[in-house]
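Okay, so chain A shows up in both of these, paired with chain B first and chain C after.
Up next is the complex of A and B:
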């Protein structure tokens, strides 16, 4: 009777563990429903109150089913499906009176665990599901062996899952894949930060406060020194006196100058709900659906709402391409009025300079000479923001410098624009890739020089040279510093926390790229690395069959190798004794397992006194051989012989 | 290799003990839950292929790996079990014979085992490493004779219930099933022409007390010296000296019943009665003559003679 109840606590634990990741998706009444059902289950287990009647449970299940459907407006989607499963499953432990019911419960729990993959495919979820599967497997063992020790069941279930992992990996990598798109979850991401259509003073410095990752990049880092890692994203071309706008542009065909050094990058862009694609300055090709523009920006056809991966090709040198005249006009446009002091300054530079390049030099010298401060918390600017910034506050973040610089250039008659993107990035030593965060957000200017085309000018680099190589953190005043990592002010813990988080990020990245992103192509590459030319479906299939064979062989070895033996294999004396016992058993004297040889003699005297004289010398000899001092080989063989000849 | 079993003239193969359950003996098939599990996995794999969903692939193969490990574990749960003997105490017809299966296991605990004789109810048990343990499995003994147990089946679905491993064992054990004892009002008399001196009633008081002896299993209950026991001297038995030649025969011809089985039942009852009284008695059946004696061994011989009477060599 107790064995029927004994699996209830495990059943509840496994169900709850399977249910937990779904809890946030369910209507509140389902949570209460499940908690109540589990409480009832505990009551049945603890108080032995007996099982509720089947018809009552069926009624409840039906009510729950209708209720779950109603909660989702009778529209069946994955959340509704999982809710219905949860509502039904929560009642299942209450009727686990037969073996069949218990087994069905386990299968349903497995199913509920697996339904998590409809909602998330993150690495932590994988580990959670592993644990949950192990717990459910433990329940499965308990159902087969209700009286057994939980510790033993846990060890068995854990060991099984560990042993199943290599099998899983082998199957996973070798199971033939069909070329095609990889399943992606349409993640409903929360609002992400990133560059927007408009850049105003303060918009980049607000972005920099976020620790979110913008994208990850794999590239040959030696090719691109840290100070040169400008990631181009948006070009702001239109200025209204305060804000810069990025306006739609016609598509253009981009191609690198012949003989120019190019850099290939693999970029994994986090969803940022805009259409920009980022790549190393100056990109001319990306491997995903995107429109290229003449200002060397790329736009995806839709706002990016899920993580995407693409390869980008960038040139390290700029083409000497002269923009079309109407294009030049656009990059010279400034409002008719406002910021008079800045206009005067620019006009003076224009007058005094012999070449456009000299104007640029003068402007940069101006930023270098004056007491400009690089700060995340600049004062608010009034009606003439450029003037106020240049001549009064002199305190600002990269967008202030870029904006003021571009304005000065336009006022001095040089076409200019602002580029929004990122500068720098952190190398993850565990994964060998760069992590570029929102805190690396940056804005710089570009000026078109008649003989050189568009040239990147970063006025921030003049004010805060540390920014380019050390990141925002190195460039801002100490009191404004905020770290990407917790505990960074503590020497040892800070390092540990940093390494831990970088390690986790590397594991996550590996998971997303190599495991969740494992494709038919990746499989082909893997197989060819293993020496199989995998040009058709036949090779992966053959490899998979080979793996199956391999696993079967390993299994067979496991079964066959440790030949089961009787503890210490019975020696010849023991075997003879057992033979003697068998003969006696046939003669009606059955040795009980608790009876030793001396008891056996007694037993023979009692049951078959006629045999006592025949048998007892042999048994006595056995006792001497077993327990006496130093038995000789002769005595041993005499005993064996004696038993052989004995016929009862 | 030595043969594991011997062929008897009946054509049935019997197993020799000790019998080690090794790979050649263990069969393995999925249970119906295993089949359900397999189909569920197939459906998941289909879904994974259809959607090219790598996470689904991973989880499907994880569960497949678990089932695979379970298959091996199931086999290993049975492999290495050693059966030392299968034997039963004699029973009377109509009772149930409890066959004690003496089993041991070398190293690891084995759980969720079940032993069943074909056509009976299974016995569930688990084994710990150590000396052999006796497992009692029941076989109904309906008719007198030598009861040979049907094929013994040891099986397990442990650890996951997805596969069943089993091994069949044909034990050579046979146990005498005595006739169902029947009461009779017959008096036991000296057999005409017998060598006995006088006729006595069973349970007669005409015995002389000899002394107290330590109790040995099989001694008649009514001879236990309870007074001595209550004084803390342990179980002692009063021993009597019977008058010389105070023995008698239980005789086939004395039972005026036609039906052989009924007759045997009555004779069986008489043997038991005689044994209880502690008297010395003999048994005379057509073709069987057991001289008067007393004690458990004699009682066994008499009852066995009744059990196999007229049944031929096989005794069944």
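Up next is the complex of A and C:
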């Protein structure tokens, strides 16, 4: 087989590997096009068909170019560009008759691999691209050495990629970074779950079904016990008899009371397409562009579509600030009619109690006394949802409890509101941070008491105290737990799977923070830590060149220095004999390097007479094979087999 | 290891006369069948002559002994032409070298001139006297002895001459048991006359040919080369082994393998004969003297078998 053919399979494999991550973005006809072109390439390789004529290829190339453009409505964007590249590249192996064409193919494949960066910078993609680059390098080696062995090619290509890694790291850390990055990725994912403007019964319990990550937090965990990890996001203040609404509010300046204990958190918020920023209850400052409101919520200026990182400051105690009268009226508003039983109950509490605090106590006692059940699948509620829930079904999720409680409080004349956010979170032992998922979504109530200001009241905690400590999984009744959390009854598998996922999450988080988060500013800080001035280009450039020179010199030394010769590679018989010697060594008979096989038999007879009969036939066979004239292949494989089966 | 029956028979017979020296007997036989010459370095009265006699008798070879002295001339060994009056011409009278086994006793007593005459004959297996070249008998085997202690009035063999001996052995005193038997029984001469011929000279020649065909594998060749390279590279030796020494090593190892009933060489063959083949060819770097046997063995253990 001539060099013209021998590199075709490798070329197709490298192209396919480079193409694979793009496959999902391409029109279907491109996939068929590529598969057909590769199939043709294989036929040429098998010499079942000839090379296509030049004019035919030109025609195909033109048709593919127009087709790719047409598929995207003649609008040229990155996907269209990659599609055109893929269509053209798929034709390239069909004309790789000359060395020059093969080399062009290699560099086009490298380019197609690089184009992945226009779409993704996730950690797994990095490893995939590295593998793809190694495969393409193997193709490059094969083109230079068409008759060589694939194993040697793979070793050479892998070694080359490994040698390039230090250079890659150098470029990454020291090459001047452009603020904002070259590839400004826009998040193309759709339909993220999260809190919305409106909270209706069932909206939080839908959230809870999702294992998606809401945000990750680094904080001094000892400062905040698990039961106290209320993450505040939205405040719902308007009730229409069924749903709670969050209404626009004017900005306000927030500051903690002097002398109050504060907690700092580093929060990495996943995009949720809303403007809420989450932070530990009660936040008063965040380090990103946001508007603060009097109800201690923060809103970003735009819906959050990319992962953002910010620092939040929270106070562990609440200020006893009295709201203005018009503010108080807003938190007392309830519809004029509906839910008569609940209103009666509230009116009775109001009459019988001497202080607002007593009303709250009575209400909590009511939830504690009656047979309320925490459930992710509450029954549908009718026209008077609060009445039905309080006196009939008594089965609900946190938003039912918070909603009913806030309604009761308003009916009893106490200003109240609902806070939406998350409760708890899972500590990732690999990364030392807290993962808060959608399944930790929670809603609780706040009541304003005259002397103490807004007080957090969580009626769910009365019904299902295990929710605060152990998360939703612990709080749902056993019959529901089985269907929702199939692993909860199998601790071993569950733990292994959980640890694997947590480890992956830690790796991903590290990647996003340290590698993707290595911005121009971070580079500046690194340079100044290395003692280089980042103000002029001269010092970093000199350092860069010096490091590049050093790495190149080290690489050249590694490649060019003669390696200590290990002598002739032992053949299969010798390898088996060495295995046999290793087995004997384990059995207590250690062969000296200068000890011949016949002496070894004597040694076995002396030290382990019990083994002599077992091993001497094999060793004698080895002697014949290695030193005797004309050993046969059968004899050789018999010896190898003998050694393999020998157990001492 | 099954051993060649004939060989065992010879060893056994020699054992009845030269008591407790089996190893030396085996080495002598190896040397002989490898077409080499043997140097025995030992004190008088140890049994060198007896050993030579019993070997030549067992193998059915013709035996002669020459006592070397300082007034000896080459002609005393090689032979001279004497004028025969009846035929009115010079007639060559062959010297003692025209035999199959020659015991050259105390070779270091002779002058270098005489020594070299013998040694050249040993190497070339022919003698040129007065312009006429005469082949020596085949097989031809020289056992030379040397007294290492008495140095007064001797001409020690130079290294270049030592190289011509395939092996050099020492007999040493017999152990107590063997000596007891020896002292009790005495009468070595009578026992010697009881030794049977096991082989004919033709058998010896045939065996010598067969030994040349003993198979040498790549692995053993590599091992021998490693050994030679070690002596040349090691800092313990003044000079390494010569190519002739390498040939000698292989020749002796082949004979050893054959005499032990094998048709191919194994590394152990080389190891077994090596001390006797190389010890007299190597000099220590520090004092240019021979290395003690134990030290040589330790050094050689550093070469792994490939």
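Heads up, the rule we're going with is that the second predicted complex is superposed on the first by the 496 of 648 C-alpha atoms of A that agree within 3 Å, B and C clash if a C-alpha of one lies under 4 Å from a C-alpha of the other, contacts with A are read in each partner's own complex, and residues count from 1 in each chain.
The criterion applied here is as follows: a residue touches a chain if its C-beta (ideal position, glycine included) is under 8 Å from a C-beta of that chain, and two chains touch if they have at least 3 such contacts.
Computed from a predicted model, the values in this text were never measured in an experiment.
Looking at the superposition, the partner that touches the larger set of chain A residues, chain B or chain C, turns out to be B.
Within the superposed three-chain model, A:599 lies in touch with chain C and out of touch with chain B [touch as defined at top]. Contact with chain B, but none with chain C, is seen for A:585 once the two complexes are overlaid on the shared chain.
In the superposition on chain A, A:531 makes contact with neither chain B nor chain C. In the superposition on chain A, A:24 contacts neither chain B nor chain C.
In the superposed model, A:627 makes contact with chain C only, not with chain B. Using the contact criterion defined above for the overlaid structures, shared-chain residue A:515 touches chain B, although it does not reach chain C.
Residues 567, 592-594 of chain A lie in contact with chain B in one complex and with chain C in the other.
By the touch criterion given at the top, residues 1, 215, 217, 219-220, 222, 263-268, 271, 300-306 of chain C touch chain A in their complex.
By the touch criterion given at the top, residues 16-18, 20-23, 33, 36-37, 40, 44, 49, 51-59, 61-66, 68-73, 75-76, 79-82, 84-85, 87-89, 100, 102, 104, 106-107, 109, 111-112, 126, 129, 131-134, 157-161, 172-173, 216-218, 295-297, 300 of chain B touch chain A in their complex. The residues of chain A lying in touch with chain C in their complex are 567-568, 592-599, 623-624, 626-629.
Listed in rising order, the residues of chain A touching chain B in the complex are 103, 107, 110-111, 114, 117, 121, 126, 129-130, 133, 137, 140-141, 143-145, 147-148, 152, 156, 160-161, 163-168, 171-172, 175, 177-178, 180-183, 515-518, 551, 555, 558-560, 563-567, 570, 578, 581-582, 585-586, 588, 590-594, 606-610.
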